[in-house]
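These notes open a run of structures that come right after.
Paired with chain B in one complex and with chain C in the other, chain A is shared by the two complexes that follow.
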Partner chain A sequence: MLGTGPIPELLPVVPALPFAAALLVALVGPKYLQGRSHALSVAAAAGSFLISAVLFVELLGQNAESRVIHLTLWRWIASGGFETHVGFLFDPLSAVMCLVVTGVGFLIHVYSIGYMKDDPSYFRFFSYLSLFLGSMPVLVLADNFLLLFVGWEGVGLCSYLLIGFWYEKSSASAAGLKAFLVNRIGDAGFLLGLAGLAAVFGTLDFGAIHKAVDTNASVTPWFAGTSMTVRDCFASPLGLGITVGTAITLALFFGATGKSAQVPLYVWLPDAMEGPTPVSALIHAATMVTAGVYLLARAHFLFALTPVTLAVVLGVGTLTAVIAASIAVVQRDIKRVLAYSTVSQLGFMFAAAGTGAFTAAIFHLVTHAFFKALLFLGAGSVMHALDNETDLFRMGGLSKKLRVTSLTFLVGAAALVGLPPFAGFFSKDEILFRVISTTNPSAPWLPQACYAVLLVTSALTAFYTARMVFLAFYGTSRVDSHVAAHVHESPPMMTLPLAALALLAFVGGALGVSGVLGVRLHAPDFVGRFLEPVLGATSQHADSEGAELVSMAAVVGIALVAIALAYFLYVRHLDAPAKIADAFSGAYRALSRKLYVDEVYDWIVVRPVGWLSRLGSGVDRYLVDGIVNATGVVAHGFSWLLGRLQNGDLQLYGLVIGIGIAVILFSVLVR
Partner chain B sequence: MEAMTLPDLRELIPEATISISALIAILVGALARNYSSARRIAPAVALIGLVAAVPLMFAVPHATTVPTARFEGVFVADAFAVCLKLLFSAVGVIATLVSVNFLEAERQANGEYYGLLLLAVVGMMLTASARDVVLLFLGLEVLSLSTYVLVGYLRKDPHSTESAIKYFLLSSFATALLLYGLSLLYGISGGTSYAAIRAAGAHLSGDLRLVAMLSVVFLTAGIGFKATLVPFHMYAPDVYQGAPGCVAAFLAVGPKLAAFGALIRLLVEAMPGFASEWVPLLTVVSILTMTIGNLVALSQSNVKRMLAYSSIAHAGYMLIGIVAAFTPGVTADVRSQALAAVVYYLVAYTFMKMGAFGILLSIKPGDRFAETLDDLRGLGRRRPLAAALLLVFLLSLIGIPLTAGFTAKFYVFSSAISAGCYTLAIAGILNAVVAATYYSRIAIALYAVEPGRGEPYAAGGISLKVALAASAIAILLLGIFPGRVLETALQSVRSLF
Partner chain C sequence: MVPLTHVLVFGAVLFLIGLVGFLSRRNFLTLFMSVEIMLNAVNVNLIGFSRSLGDTAGQVFAVFVITVAAAEVAVGLAILILMYRSRGRVLVQDWRALRDN
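And now, the complex of A and B:
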């Protein structure tokens, strides 16, 4: 038992190290570090990861029930009856998140040394990256919603900065702006949810709220004025058939749809690929975009009370998964395929959360972090070799020249498709089975429908993944001749992280073998057990072993068929896809234009806002400015007049005092 | 009177320490064999005295036990007094640090400068502890006399001398008014202690009420002069502009803090029964002070002068909190919150105002220190750090969130709202908007693209840099973590009741 050592004090160091690195690199980077700017950032990332690992081991050394390291730093806000502290919480859930964030973060830092080499803003990149790696632990280690929101905004800022990293490219700065604005819309929902929580519970502390929910304690919501139990409060109607609890959790979920790119706010993520590829891997695949899933898992006790919200989460997750997967099928840009794939996989995680299977969602989050980071970095390695070419139809046959890249990419792809025994197989299978075996009182038909859709999505996933692999690495080379001449494997600085991630994507699934496979293979469901104290037990659904095996076989079988189809289309008959596209030109065009979502948003949101803003600017320019300028003129007039009085004449000053007193006396005495 | 015993003096030890270091500093100046040893030793002595006084303030168990007033109730070291004295020490430390380089550049480094500065701080401390109008008067006079000399310290500079004479004459006038007000109080109550005045104020009738009003008016004039309240403010811009830069930094803060500290204790302990006389008067004065200060600042192109008017306006904001606290009918809770807001404002004001004045001493285009907007133009390129620090001070003076200035304004305005003083709150907010325009003029000049004239060179030495950086850090810390200081302010204010 190490229990009472100086360990809790290590917690703030996890975010502090990268923050310090960010600051130092920003200050001394341009002058002194330049090409060596990565040293500080990489060291900080390694340090954060090591400390997370130490804390994790510390956690494992304790009983399952007491696996919590909590540190309150200082009181942050105290106003009226509302109090919030700055405090860090290291429980199994944040431990898993923290390990993934710092671990994958460290690998991607190392990769970036090679990838960003010779970029004129090398130091700026590492400064931003460290800023991100400091903000993300704040998000996952926060012990209350408000501090979580600070981290949430921090990573949002870094995302914006890094998407627009090459800001001289107008598409990059526009993409940054889009990400920022779309996320603000989600954040508005998040803030509303926080306000609701504060109004009901009078605190935003996870522990306090969890305890109040568990014990069904009596609370005095600000809006009600009388005290009532938590459940009664959550069930009290708010109008339109929505209860207080549903409204709060829906608002929180809306925040999550912004950050985690779900319908209807997913549109920013594909554009975010304008950023450097390591950023896409770290922020827009492995870590930041999963913050929404983490939020739901962190607040699972609230969502458990509101079946309506859970049904919405399940529906939205499923819808996102299928829409994004079908758009991914026709994308030509390798990074965009991966981006839509990320959106789709996040949809899987939300679907799991929507069934209450938060453990499954977090497990998929972890494996996804491994294999999607791997795929992005692999794509980056391909781009590195091909002079930043991203068009899949101008690649082909690269497996011969890019040995390590193609091999690791293949591992990542297999994990994404969900082939056994790769990581994605275990986590996705778990999610699918959770969806079919769940029951939702508010929408009994929903789980079955969602299962069917997710099954289709699995097929689409297998198809677009195989398409991407075949187009890039196999078949005949369609690379431009002058580029093809110097295609080369990336330096070890880039291939080593690829190998490490490939290993994780290969064996990562073993961490959470659950259900029938766990029983049959006698594999411990490590992740499930570890998360149990936070997220509740994963029921060992032994009675439905048969159903689960069938589901599993169906998923794998469908995936294999889809892969075969992709092989047929993209290796054997490369002219066939174009013919098919011609035959179904409407559908193809709709998909390749991303289902016109951007256009629709442009019409119903962007343009009306543009009109409004033009109207507002007119009002502002002529009416408001007119008034303001008038007051300015008047104020300056007075200023000048009063300034005349101040002429340095001593007698006058004395006189003003005298007159002042006389006036005051007169007004006081006459009253 | 019984013989004074040793424990009686314990609470005076901080003041005594600072006074003794003042004397040592003066002696150093007089006895030092050469110029360069005096310029090093005297400020060091001053700093040691000011810093050593801080732990000594806590040697007295004032916060836990009922404070015993010394010298027959004349002097008290309760939490409120200690809180203010801590701030005064900080003012002294910053003023000392800011002065070193300036005096060196002007070839004026003598011990008496620091001695006088310390004596001014002692005067401020006495006003914070005074529970008797005579000691109050004494404290204010010690402060005034020291500052007269400081303002005229550059004997060969006609501006400095002119300012000193102006300041001396007008201040004497104000002192006379204050003394008159105090004598009226003595006439009403037959005593000079706050307790006696309070007792007499509890049952005033007819003519006595009228006399009380008169005394309130004259006290307002006397204290208002130190606090630069309108219409007793007109000396301030002239004197600050003419005074040596480091003295202006002290003058814009020190006397104002002392005046507000004295006003709070006077209102709470001596004249709670006179609230109905004070409140309407101070309301009008507050609005006038904010408005005139800000309006005139708009058309200034001399930054020193602009800052002087801004300090007048800030006195108006602080007065809002005092009016809110003594508005008849407010609960004890609102009252202490409002007063705590004022104390918090004093803390915030100290750092941002001294910082802003201090920056001017670190920029020297040509042969004199920066004064005009033109001197600061394009500073962002040449002296990025100095410009960034000044930006922090300006943002705080404007009241941008995450700076001390915002939190201070926020607390003061919200206390006005909870006390029901809506007019004041609205006037304050409107004024804050107007004020933002002239502060941002400075900010814009800082980062203007076309360079101004002359090449500003680094005039700041290490001590000035330390003072400025510490002020900026204090402003940011206060803005981001306001809780601790506000809590302390609240406790200190509660010790008054």
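And now, the complex of A and C:
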């Protein structure tokens, strides 16, 4: 289904522009551009965003049911019955993702001009940033799983490069390495899932697989040798009580847990805060880490067939949300609070996906991209003002001096807490209500339990967010005196993106007012209706309006209580938190040491792998190399022995020849 | 007519004499002569088979061997004379210097 005119041909330009900018900046940046390196990158980001917007408008102009712009570029792999193309797909889901990625990306590019000013590797930063902004559209615009995986690895590489951007700092390069390696573990699952899909369907094309699932077409999977329908194939047992469909979707979800920092692979994201703050905002809050949610939404038709996997997704998302939120409560580093908050919010998205409410997950992804990017950039602005201070207990009272930053940060915080009418309220409320009103045949008790845990999590969210805001911007100043003397608001290059994101975080929620509020306020659910052709209808629960309102009120009420508590503890009685920490020293220490997860992983994974690799290296060095060297030594010895024979004694040669001929003749004639 | 067996035994004895001479003597000229004896032992065999099979090819072959042997002796004697000029003797152990290290 091709659009008219040159529109489909615009699709590859979206990633191509930043790629070109990345290459140019890398090539001519160090010599000619230097301090002007941002020009190319920012222009490319703006271009990508504009093209995405043009494509979006084109999409809106089409019939709601047939909103697809598809372009196949060339055949990539053809091997036996398996074929993959390089092609781009612009449907409502890709459109939303692409707009968020390029839009927020553009704002963060602008912000970086101010934030990274005077960095000695200015050009390198913008080259990497553009590389990321090219890879991410490849991920979201790919029309098949394999090309998606290419983008997936591309953004992973950029994440590694940018976390370790200040590689002179050993903690930064270690954090980059950790992010890369942990992501590899998830990617192994992703690849297994892709192999499973290819083996069942013989293709990795989204459209083809979706069609096969919808029509329950007959396929010839690898394990059967005969053809069977998709549903039968997915229900075939694979052992250990796991069916084929469950195994494939679980493998895909495992890949998502790596990229999107979910239990058990979330440990890399907090460390990723070693990177420059705009990177944390762009890659580790707004865009890349949501790739896992996008993957689930993209493959929702597979997940819909496997209730067991959905239950796992719901459980893992909820668990991640509550663990990360409780760790965030005791963090002293403003960026780490935000990092754990991101992990926690991603948990909310996965919980939504686990109930099959992919629209709610994507909607929360969008609003989260706005307000979390805003919070990170605000934190960056604070650090900019305070000589890179990140310790919340050495801030305080900044709202008077940093007016724009504190105001926009407040908007972002309100959105994160989920106070009406800020963006987070609508998306988070929708998720919570989806969780309580869902039923999962494989684990009937799970949704209720998860709802309770998520309620606690939203209370924790409100508490740590309020704590962060109060510690940084209100109360008495605890800033070092020599730093306090020159606290200053950031340049407009940084405050303008803040203002733009604050506006989005303020009104973004209006895009997707659904459920009872949508009915009562007569607000059109733009996001839900726009995504409907891809992700299915968002059913209206007319009969449960009361329950939804109660749930909403409960969430907001709990949040307000938590904020009041934070105000009491961190503004009124600043000595109280220390006393509480003393009273519950065990719990406090466990939380502030991040529940010892890193230590446990160190013991059960890192060290055994270290032992194994030392063993392997020993085997290689002494056994394998020994055999190889022994071959050489033996050959050398033999040649020495034979060399002794060749001593120039003509008659010895003659004797040997004679004996040789005699032996040959004897063996030929006598036998 | 001489039976083939006699001819072959004669050839074998002649060959062995040549072989033993080649392996045991020290003088290079004697070695040369031993090699010639072995060649001619082969010639005897060729002619013996040629006669008993009634095929003249063997005799033609013997003539070829004699021709080649003559050429070989010409080269060999030239080397021998050079050897004598440089060393003053033609003992086989002096040739060890030509070995491949």
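Going forward, the second predicted complex is superposed on the first by the 622 of 671 C-alpha atoms of A that agree within 3 Å, B and C clash if a C-alpha of one lies under 4 Å from a C-alpha of the other, contacts with A are read in each partner's own complex, and residues count from 1 in each chain.
In this section, a contact is a pair of C-beta atoms (placed from the backbone, for glycine too) under 8 Å apart; a residue touches a chain by one contact, two chains touch by 3 or more.
Note that the structure is predicted; figures quoted are calculated from it, not measured.
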Touching partner for A:Ala452 - first (chain B), second (chain C), both, neither: neither
Partner chain in contact with A:Trp76 - chain B first, chain C second, else both or neither: first
Which superposed partner A:Ala635 touches (first chain B, second chain C, both, neither): first
Partner chain in contact with A:Val668 - chain B first, chain C second, else both or neither: first
Partner chain(s) touched by A:Ala64 [first = chain B, second = chain C, both, neither]: neither
First, second, both or neither for A:Gly654, with chain B first and chain C second: both
Touching partner for A:Gln646 - first (chain B), second (chain C), both, neither: both
First, second, both or neither for A:Ala578, with chain B first and chain C second: neither
Partner contacting more residues of chain A (chain B vs chain C): B
Those residues of chain A which chain B touches in one complex and chain C touches in the other: 646, 648, 650, 654
Residue ranges of chain A in contact with chain B within the complex: 74-78, 632, 635-636, 638-640, 642-643, 645-646, 648, 650, 652-654, 656-657, 659-661, 664-665, 668-669
Contact footprint of chain A on chain B as seen in their complex: 166, 169-170, 173-174, 177, 210, 213-214, 217-218, 220-221, 225, 230-232, 234-235, 237-238, 277, 281, 292, 295-300, 434, 437, 481, 483-484, 487
Residues on chain A engaged by chain C in the complex (per definition of touch): 646-651, 654-655, 658
Chain C to chain A touching residues, read off their complex: 19, 22-24, 31, 92-93, 95-100
